[in-house]
Every structure is written in structure tokens, then in C-alpha cells.
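Below you'll find the structures, each written out as C-alpha cells.
Each of the next two complexes has chain A plus one other chain: chain B in the first, chain C in the second.
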Partner chain A sequence: MDALILQTLNGLDKGSAYALIALGLTIIFGTLGVVNFAHGTLFMLGAFCAVTLQRIIGISETIIDPTKKDFLGNPLKVEVPYLQAWFGHDTAAAITNWSVPLSLLLTVPVMVGIGVVMERGLIKHFYKRSHADQILVTFGLAIVLQEVIKHFFGANPIPTPAPAEFAGSIDFGTMLGFPPNAIVYPYWRMIYFLFSLFVIGGVFAFLQFTTFGMVVRAGMADRETVGLLGINIDRRFTFMFGLAAVVAGTAGAMYTPINSPNFHMGMDFLVLSFVVVVVGGMGSLPGAVLSGFLLGILESYASMNWIKDIIPGIDQIIIYVIAIVVLLTRPRGLMGRKGVMED
Partner chain B sequence: MLGLGKKDLMFLLIVVLLTLTAPILLNPFPEGSAMAQFNAGYPDLMQRIAIFAIFAVGFNILFGLTGYLSFGHAAFIGVGSYAMVWMMKLLTMNILPGLILSIVMGGLFAVVIGYVSLRRSGIYFSILTLAFAQMCFNMAYSVLTPITGGENGLGPQIADPRILDAVNTSGSVPEVNLFGLSMRATYKMDLWGRLFQFNAGYYVCGILSVLMFYLALRIFRSPFGMMLRAIKSNQHRLNYTGLNSKPYMLAAFVISGMYAGLAGGLMAAMDPLAGADRMQWSASGEVVLMVILGGVGTMLGPVLGAGFIKYFENIFSKINDSVLHDWFSIFPKWLENLLVGILHPFVGQGWNLTLGVLFMLVVIFLPGGLIEGGQRIGRLFRRKPDAKGPAPASTPAE
Partner chain C sequence: MIKSELTRRGLLKTGAVAGAGLALPTIFTARANAFTNEPKADTVTFGFTVPQTGPYADEGADELKAFTLAVKHLNGEGDGGMLSSFSSKALNGAGILGKKVAFVSGDTQTKPDAARAAAKSMIEKDGAIMISGCSSSAVAIALQALCQEAGLINMVGLSHSNDTTGKDKKRNGFRHFFNAYMSAAALAPVLKTMYGSDRAAYHLTADYSWGWTQQASMQAATEALGWKTVANVLTPLAATDFSSYIAPVLSSGADVLVLNHYGANMVNSLTQAVQFGLRDKMVNGKQFEIVVPLISELMAKGAGANIKGIPGSSNWNWKLTDAGTKAFVQSYGKEYGAPPSQAAQTCYAQVLLYADAVARAKSFNPCAVVEALEGYKFDGLGNGPTEYRAADHQCIKDCLVVKGKETPDNQFDTLEIVQVTPASEVTYAPDNKMFAGGDLGQCNPGA
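What follows is the complex of A and B.
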């Protein structure tokens, strides 16, 4: 029982990442009708926003400290971060410590910018072309962005630690009456899960309770009619693309303490996120979220030892197996609407 | 002759000639000259071009003719490679049984994957094939390690049984061969200051690729090919005529899977080591790039694309900053540094970046690939005399 709870918890944080990426993918597909193969790359770019902020904070000047001498008796050169020179030691240490959550402040504007430029500059020209062309051009874009990141940040994973306050783990088991150390869950993963719930809730509330969201929903249902009513639906859809980029980007930025970012993390997540979208139902936002968490948790169940003893290797392929079964038995996905993209 | 029209026959003959003389044609620059690094006439590269040409031509039968974009063809490459290496381990170092098995295995996998994936079309088909390929890749890396060698890859060992071969006493793994002709056997000819290398392995790949090209040509011109084109232009309408298009699709999928299997087998034959990374989705992406870059749905396009990508991959990875500085040394120093600075991310390690940019440009501006580019340029030159003549009679009569 405790193992089951532990695996459920473990599945939640991976599921959160899947759900957030799949949510963005679905927003883009639902509004613009474009299959975005570069969406995983947006996730990766968000993660590298966190890395960039970490680097910016670390920029330092070299000054000569006259009070200290090195072993040859010369004045000692010390590297002092500008941050420390400006704000004093304590503030600088706090900012460095909290760099990952703070990076959201950088990630959001950057991702809006990237999303809008991408939509206006490239994807706009592909509305009329076939899905295959859309897949291909966004695939090309993904390669380019990935290689650009590799050029600037190198190919190795870059560790970006969570704030020290969240570095430990919480012993869930003792709260529920299990012996100590039975269910241990890192704080940051819990934060990530709560964060994803917050973002998902925010997106849904935005679509449900604002006028802007209402127009967007109307546009998703019937774009032409909304256009005829004198509403510039294209601009709103561009905004939605930016929003999807932000969702993916912040998901990536917050994920960095869980998994050190490298340049191909986006593609690794993308393939799975597509599967998530398909299982949830193309164009269904609740479906994407639900199947994201579902697949994340199932994947983590499948990695339990006694299940692996029954079916060896199931943990590697469970998501694909589920996707294949769903696609063949219920092509519109778990929560897809009837008749939408069913062939 | 050979069931081809006059035009196609000429075309095929040219392809045969080009393939046979490739070691000479691809070595235009004298040894030791500054341009020698642009030579492509060495066996390893030519083998790769020929193998990927087979892969791309086969992929084009599916994607070019039917318009179904598969993102999972790398799985068949991997299956073919493993089949080849297992034949080398168990039966003989002669590549023939391995090639046959790799084609058969590629075909078998394609039947299974195709039967399931083809229940859906459009993006669902792409995602399904991608999912299957990733599944194969993950399994090859983890559970199937006894069969695939996992992360270390699979290669023939000295202790392997090889029941058809003579007892091995040499103390090393015997050479890969075709009825005794070693794949590494190279006849070197020093002529006109150039070193031409005629490699047995290349000729095996080259002749097979010509054969496969001929087969694809026949498929393109056949009623079966016509049917596949009909599926591409409008599958619904085709279904409404009372015709079941699924078997045709499956046949196309299996044929392209067999091509990929053969390519995988050849890959393992030329370099007897099969690794799971050949099955990763990026490998599937590469063949899509080749076909798109060359020209979807054309005969020569995939071959061109394969040659282009493999050649420039090789060249670009050799260029470094000092080479760039050499080239631009005729310019003033500031301009030289600027040009080198601009080009630096694209060469050396940056080949993938160049490829991505190139690919995007082709998809955006030249959906027909290099072939269409060539045709457009050709038309430009042919138009000129026309422009001076009387206006075409397309204007409606008054």
C-alpha cells in the first residue's frame, strides 16, 4: 500500500510536466489547428531561461582585495558578483538561492515574445498547408532551436538547484500512519505539482470566466462566425499561442531542479506529450490534463518491481502501449468530442 | 526493355553509370591540393550515401506516393541491422543470408506496425508510427538486451558459432565478405595525381541501390503506383468508388519497411556493429529530411537528398575556424573576422543547425525540394527566348 502511494506521488510530478506541455499543445491545436512539433522545444527554452538567470546572477567582477594576500604575498584577487556589490551579501545570497522560482519573472516575458514571434513569423503561413507540412516545418524549427541552445550552453546537463528551503524531503508516511521513511517525497516535487495545478487552474479560469476567454472558446468552436462578428480572432489566437508557450516555458523552468536541463530534453518530452494529447483527445483541454496525470502515474506504477517481474520492460513502453490501445479502440481519445479528428 | 519506357531506360542507365563511376566522379580534386578535403570518393562516405539512398527511396514509396508521413521508419533500420549481425554471429560472415533476413524482418515488422498504424491517417498515423518506433527503441535498450546488446550494441565476436563458415583459427573476427570477397577489399588506383579507391563494399551497396532504384521506378510507373497516388490525392473519394484502399497502403508500407530493413542490414554489413541509437526518432527524422530536401514524390529526389545530406554532413564537420580564416583571408581583417564569426556556429559541430535551417527554408519556400529548385532554374533559362517571341495565345479571344 505504501509503495502504491509513493508511486502515485512519484507519478504526479512527471504527470504535471506532461499535463502542462499537453495543455499547451492542445491550446495551439484547438485554436490554430496546427500540430506543433516545436512545443517540446518551448519547454526546453523555458528551462534554459532558468539557467540563463542563474548565469546572469553569477556574473561577477574581479577586484583586488588589499586586506588579504595570496601565498606569494601579492594582493589577492577575488571574484565578487555584481549582485553582491550592489545589494550586499545577504540579499545576493537570497536571490541566488531562489533563482529558479525567480526565473519565472524572466521566463514569462521571454516565452510570450518567442511564442508571438513564432506564430506571426512562421506558423501563420502554414494554416492553409497540410498537417504534414506543419509537422515538418515545426520539426525543422525544433532542430534549429535545439542546436542554438546547444551552441550556447553546451551538450551537458546543467544543474540548477532548488532553493535550499525546499531541498529536503517530506516524510508523508508518518502523517498517514505508516512507519517512518516509507513514503518520502521531495519538497520541490510537491511544489511542482502544486504549481502545475495553479497554472492549469489559471488557464481554465481564464478561458471560462473572462470575456477574452469566451471569445477564444467561441473561436475554437467556429472561427469564421466569430470573425464575421467583427472580432479580430487572429490576434486573440496569437495571444493564445503566446499563452501556450508560457505554459510550456514555466513548466520547463520549474522542472529544472527535478531534472537538470540539457538541450534535447524538449524532444524527449515532446514525443510523450503527443501521446498524452492523443490519449486525452485531440483538442480537448480537460482530456489533455487528465491523460497527462494518468499516464504519468501509470508510468510510475509500471516501474514498480513486482510489476516488472510479471512483464519485463513494461515501464519503458507502457505509455506507448496505452496510446496504441486507445487509438485503436477509441480514436477520439478519452475525452475528445465525437467527430473531431477521428480518422 | 526491362519493362521501362525509353526515357526511363535512359534515366536508369545514367543512374547505373553514375553509380559505377562514382569513385572517380566524386574525386575531382588532386591529392594534397587545398580542395582535396571536398573529395567524397572514399569508401566509407560512398557506402553511406548508397545505403541512405536505398532508405530514402523506400521511404519515398510510402511518403511520396501516398502522402502518409511515417515518423518511425528508423525501427526497421534497427531491426535490419540486428538481423544482419545475428546472421553473422550464427551462420556465416557472408552477407547474403543476413541481407535476406534483414529484408524479411523489416517486412515482418512493417506488416505488424503498418497493420495497426494504418487504421488511422494524418497526424494520428505519424504519432502511431513514432510511438511504435520509440517502443522498439526503448525495448532494444532495456528488456531485449540479450538480443540487442543494449547500450553496448551488438557485434560479431570471435567465439560465435558461425556454423556455415570454416573453423576460425586466425584469432580475430573473420572479415565480412560476399562469397569470399571481403567488403573491405579496395583496389587503389593512382592516376592523374588522384587516388581512386574502388571498394568492394561500396559496389555491393551501389549495385543493390541501383536494383532498388529500378524496383522503385517500376513501382512508380505501375498501376499499383497509380493507385497509391490516387490515395494521396483523395483517399475518401477513392473509398467511395467502392475500392478498399487499405491493402494498397499496407503494401506500400511493407515495401518501404523492407527497403529500410535492407538499408539497416547493409549498414551492419559495412560496419559490423548494430546499436539501438539507430532506431531513435531522430534517425526517422533524418530520412524525412532527406526525402523532403531532395523532392517528395520524385524518383531522383530522395537519392539526391541522401547524397546531399551525407556529403555535406561530412564536409561541414571537417571545416573549422582556421579553414574559414584561410578562405576569407583575401578580405580585410575586420570583414574576415566578421564572416568567420557568422559562419562559425554553422560548421564543425554545428552541422545539425545548418541542416535544420536548410530544412526549414526548403519546407517554407521550396516544398518540392532540390528537384523543384532545379526545375525552376531550368525554366528560368528556357523562358528567355520565349519572352522575346510573340505573347502566348492564352489570352481569350475577343
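What follows is the complex of A and C.
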């Protein structure tokens, strides 16, 4: 029982990332009808916003310390961050410690900018083209963007720690009456799960309870009729592309303490996120979220030792097995709508 | 108007003549060469296959720097590095046998098929005479087999699996780096001193050749101390999130986690193990501990503060004080502004050893090089007195037990040397059961 609870918790943070990426993918597909293979890259770019802020905070002046030697026997060069020189050690240390949450302040405007430029500059030219063309161009864009990141940041994962206050883990087991260490869960993963619920709730509330959201939903259901009413639905859809980019980007930035970011992380999530969208149902926002968490949790269950003893390697294929089963039994996915991606 | 008189018979005749014409130069070339890619011009080309992407990209970047430096030194540029400390004086900084050394490099992507494709291109298009470099034993084994077939020497880069010089050893392949068995043999006595002999270990193991042999070696060595093995869980090489593998560790009854992971795998799994608070827990009345059997300076840097106090083994460390290490650290440090990693040292040494063997054999013929390297004893390359054992082409030498440094003096001060374990304590018979099943076979000069 404790193992099941533990893997359920574990699946929640994976599911959070899947759900946030799939949510953005579905927003773009539902509004613009574009299959965006560059969406995983937006997740990666968000993560690198956190890395960039970490680098900015760490910009230093070099001071020679003649009392110490470096590995070559020369006087030691000591890097003193400008932040420390300007605001003192304690403030600089606090800002450095909280750099990941603070990076959201950078991530949001950057991702809005990237989203709008990407949509206006490239993707709008492919609205009326086939899905195959859209996939090719967005996949190409994804490769270009990740190579740009690789050029500037290198190919290696970059450690991006969570604030020290959230280091370590909470022993849920003892709260539930289990022996100590039976159900241990890291604080930051819990924060990430709560963050994803906040973002998902915010997006749904925005679409459900604002006039802007209502128009967008109407446009998703019947774009032509909304256009005939004199509403510039294209502009709203461009905004939604920016919003989807922000959702993916902030998801990436907050994910960095869980897994050190590297240029390829977007691709690692992309295929899984498309499976999540297909299982949830193309164009269904609740379906994307439900499917994201469901697949995250099932993936965690599949990595339990006794399950792998019965079916070796199941943890690597479980998501695809579920996708096959769902598509055979419910061809439109769990919450898919009739007429979406159907001739 | 031009009228075509092309007939089926005519086309066949023309095709046969053209085919024979195209084939002729190849036949002549094959007969003219005594061995694959025999250098005719005044330049000889090395092929360096290093991972520039994938979980071992850090090591790959350092390997390429070391290769570049070694080629410079062979050509008489720079300060000469370890040429001054190397016990053999066959190299004089004027290239090899009067030929200037050039090189080509390619990305293995930490994948055997990509590595083979890169090496094949180097052999067929660039005329490489020797292939070196890699950070994965799966890649090393694939490249070693390719070079054996093609008739080239493969100076293996960073490969730590027992299989490389065990069941998959090849006559044309040579490994300078130590192996999983030697790591476990060096590490086990230190683990006994640090953690006692009543421990229960849980292994997370990279699911490929190196991980399997590293785990088997560690299990055998620690069980010989009296430790129990609770579980061994295989993890995919491409994995980045190890949380679902780490989560069950604490409730398994284990009080030691052995991470048979390397490169970014280890950085991620260690970071996540620390996130789960493993190092803060008491299990079975003892402090929970983490062991990383193979540690590099680059991994320690990537893991940051999480590496502090974690024991492991290394092939070499820049803090050693022998003349070879000092010369290499000075040379590499001046060139790149950071001390070299163990990956850099082994690759640098391999290039020098190959060049030296050619110079001593006075031939680039792979079979002459094999003869020059088999049983060759040398010193001055940073690992103390070393022998390229003839029976399996494994370098037998001292190896290090290291530990993540608790209070680093600077950004490069990540590991401290716990002890230098002498070669006599880590050596083994070539037919040891962990290395059984392979055969060096015959030398293949190709062509």
C-alpha cells in the first residue's frame, strides 16, 4: 500500500509536467489548428530562462587573492558577484538561493515574446497548410532552437537548485501511520505539483470566466461564425499562442530543480506530451490535463520492482501501451470531441 | 537531330566496361597498400570519436580537448606535456615517423550505431589510421569490433566495463582506463573502513554493458565484506528522471545506495537521491549512505554540493604529484584554463602510447603496433609504472579511491584522494570469471 501511495505521489510531479505541456499543445491546436512540434522546445526555453537568470545573478568581477594559489600555482583569481558588491552578502545569497522562483519574472515576458514572434513570424503562414507541413516546419524550428541553446549553453545538464528552504523531503508515511521512511516525498516536487494545479486552474478560469476566454472558446467551436460577428479572432488566437508558450515556459523553469536542464529536454517531453494529448482527446483541455496526470501516475506504477519482475521493461513502454488501448477502445481519446482531426 | 542507337546489349557492354574501369583503381590501391589507410603523404590522420551529445557529453568535450593537445605535442607545438615525463623517448615532437599528425573528430552521441557511423566515415573518407575516444563501454565495444574488422588500431577512450577487455576484447583494441573489477577491488576495503561490514546495499544500475559489470563487480566485492544485496534495479541509459527508481529505496530495508551510473545519469540520480532526503535518514540504526563506484571530476562538478563525502574510484586525478601528472596539468591548464579530467588524461595517454608504439615499431602497420604495445611497460603518464598486459590488452596500474570534498578550496577542488591503491591489489588473472568468454583473435592489418 505504501509503495502505491509513494508511486502515486511520484507520478503527480511527472504528470504535472506532462499536463502543463499537453495543455499548451491543446490550446494551440484547439485555437489555431496547428500541430506544434516545437512545443517541447518552449518548455526547454523556459528552463533556460531560469539558467539565464542564474547566470545573470552570478556575473562577477575577478579579484586576485595573492595569499592563495590556483591549480597552476598562480595567484588565485576569486570571482565576486556584482550583486554581492552592490547589495551585500546576505541579500546576494538570498537572491541566488531563490533564483528559480524569481526566474518566473523573466520567463513570463520572454515566453510571451517568443510565442508572439513564433506565431506571427512563422506559424501563421502555415494555418491553411496540411498538418504534415505544420509538423515539418515546427519540428525544424524545434531543432534550430535547441541547437541555438546548445551553442550558447553547451550540451551538458546545468545544475539549477531549488531554494535551500525546499531542499530535502517530507515523510508523509508517518502522518498516515506508516513506519518512518515508507513514503518520503521531496518538498520541491510537491511545490511543482501545486504550481501546476495553480497554472491549470488559472487557464481554465481565464477561459471560463472572462469575456476574452468566452470568445476564444466560441472561436474554438466555430471560428467562422465568430469572425462573421466582427470579432478579430486571429488576434485573440495569437494571444492564446503566447499564453500556451507561457504555460510551457513556466513549467520548464520550475522543473529545473527536479531535473538539471539541457538543450534536449524539450524533445524528451515532446513525444510523451503528444501521446498525452492523443490519449486525452485532440482539442480537449480537460482531456489533456486528465491524461497527463493519469499517464504520469501509471508510468510511476510501472517502474515498481514487482511489476517489472512480471513484465520486464514495462516502465519504458507503458505510456504507448495505454495509448494503443485507449485508441482502440475510444478512438477520439478519453475526452475527445467529435469532428476534431477527423475527415 | 540526334538519333539514339542504344540497345539492351549495348547498354550491358558499356556497363561492364565502365564497371571494370571503376573497379580497377580500387584493386590497384588494395594491392598497393600493405594495411588499411597506409599513410602515403607527409600527413597521418587520427580519428577521434567522442560523445558531444547525450549523457556523457561532458567527458566527450574534455576528451576532445586532450586529443587536440596530444596532437599538438606530437607535432612539436606547445610545451610538450607528458612527452617530457614519458619513460619512452622514441617521440621527438616532429610528428610520427616524420609525418605530421592531423585529426578528424565525430560525435558518437553516446550511441554505438552513431559511433560506428562516425568511425566508418573517418576510416573510409578521411583515411584515419587509428580510432580513439568514447565515454561509453557500449560504444567502445562497438568501435573495437569495427576497427578489428577494418584493420585499424582502436585506442579505447573512457570505457570501464569488464567486457571491453573481457568477453569483447580484440587483438586490435587496447584499453588504458581501469575497469569495473579494479574499481570494486580498490573501493571495497575503504567502504569496510568507512561503513563497516554489516550493511544492506540497493543498486541502481545503468542498463548496458558497463552498468552490468560494474554492478556485478561491486556486488561480489561488497558481499565478500559481509554486505547483503537487497536489490539491483536496471535503469535506462537515456533516463533523466530517476525518482520512481529512488522512491522505493528507503522502504526496501537497504542502508546503502550504490549508484552504478556515470556522467549525467549519475548527476541526475545523485541529485534526486539527495532531494528525496536519503542522506539525512537513519535506516537499520545506521546513517544511510550513497556510494558511486566510478566518479569523475566532471560528474562531481555537475553534482555540486551533493557529491560531498560520497566515496568512489577514479582512474586518475589532477592532484596527483608525480612528474607526468604535473606536466600534463600545467600543459592542459594553460591551454584550457581548467585542470584535466580523468577522461582527458586517459585519452591523452592513449594517443601518446599509440604514437610511441608506431615510432618504436617504425611502422604504422597495425600488427607491428600490436606487437609493440603487447606486454609494454612504461611510466611517466600519470598512473605510475604501468603494463599493457599482452593477454587481454588491459593496462595494469594503480587506481584511486576518492571522495567528494567536504570543504573545497576552489571550483576545481571537488574530489579528495583517499588512497592510491597499488596495482598489485587490483590486478587479476586474465581468465578471471568476470572477464571470461572472450578471445583476442588474430591481428588484422586490413587492406
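Throughout what follows, the second predicted complex is superposed on the first by the 324 of 343 C-alpha atoms of A that agree within 3 Å, B and C clash if a C-alpha of one lies under 4 Å from a C-alpha of the other, contacts with A are read in each partner's own complex, and residues count from 1 in each chain.
Here, a contact is a pair of C-beta atoms (placed from the backbone, for glycine too) under 8 Å apart; a residue touches a chain by one contact, two chains touch by 3 or more.
Everything quoted here is computed from the prediction, not taken from an experiment.
Trainee: When the two structures are overlaid on chain A, which partner does A:I63 contact: first (chain B), second (chain C), both, or neither?
Mentor: In the superposition, A:I63 touches no partner, neither chain B nor chain C.
Trainee: Check the residue A:Q316 against both partner chains and state whether it touches chain B (first), chain C (second), both, or neither.
Mentor: A:Q316: touches chain B and chain C.
Trainee: Tell me the contact category for A:L105 with respect to chain B and chain C: first, second, both or neither.
Mentor: neither
Trainee: Of the partners chain B and chain C, which touch A:R189 in the superposed model: first, second, both, neither?
Mentor: second
Trainee: Taking the superposition as given, does A:L327 touch the first partner, chain B, the second, chain C, both, or neither?
Mentor: Only chain B; A:L327 stays clear of chain C.
Trainee: Examine A:M214 and indicate which partner it touches, taking first as chain B and second as chain C; both and neither are also allowed.
Mentor: neither
Trainee: Kindly classify A:V271 by the partners it touches after superposition: chain B alone (first), chain C alone (second), both, or neither?
Mentor: The answer is first: A:V271 touches chain B but not chain C.
Trainee: Which residues would you name on chain A as touching chain B in one complex and chain C in the other?
Mentor: Chain A residues touching both partners: 316.
Trainee: Any idea which chain C residues touch chain A in the complex?
Mentor: Residues in contact with chain A: 52-54, 57-58, 61, 231, 233, 236, 240-241, 243-245, 247-248, 250-251, 264, 267-268, 271-272, 274-277, 280-281, 283, 302-304, 318, 329-330, 333-334, 339, 409-410, 412.
Trainee: What does chain B use to touch chain A in their complex?
Mentor: Listed in rising order, the residues are 67, 69, 116, 119-124, 126-128, 130-132, 134-135, 138-139, 141-144, 281-282, 285, 288, 292, 345, 350, 352-353, 355-357, 359-360, 363-364, 367.
Trainee: Would you pull the chain A residues touching chain B in the complex into a rising list?
Mentor: Touch residues, chain A against chain B: 35, 122, 125, 130-133, 135-137, 139-144, 146-148, 151, 267, 271, 274-275, 278, 282, 312-313, 316-317, 320-321, 323-324, 327-328, 331, 341, 343.
Trainee: Write out the stretch or stretches of chain A touching chain C in their complex.
Mentor: Its residues touching chain C are 2-3, 6-7, 10-11, 13-14, 68, 70-72, 76, 150, 154-157, 159, 161, 167-169, 181-186, 188-189, 257-260, 262, 264-265, 268, 299-300, 303-305, 308, 315-316.
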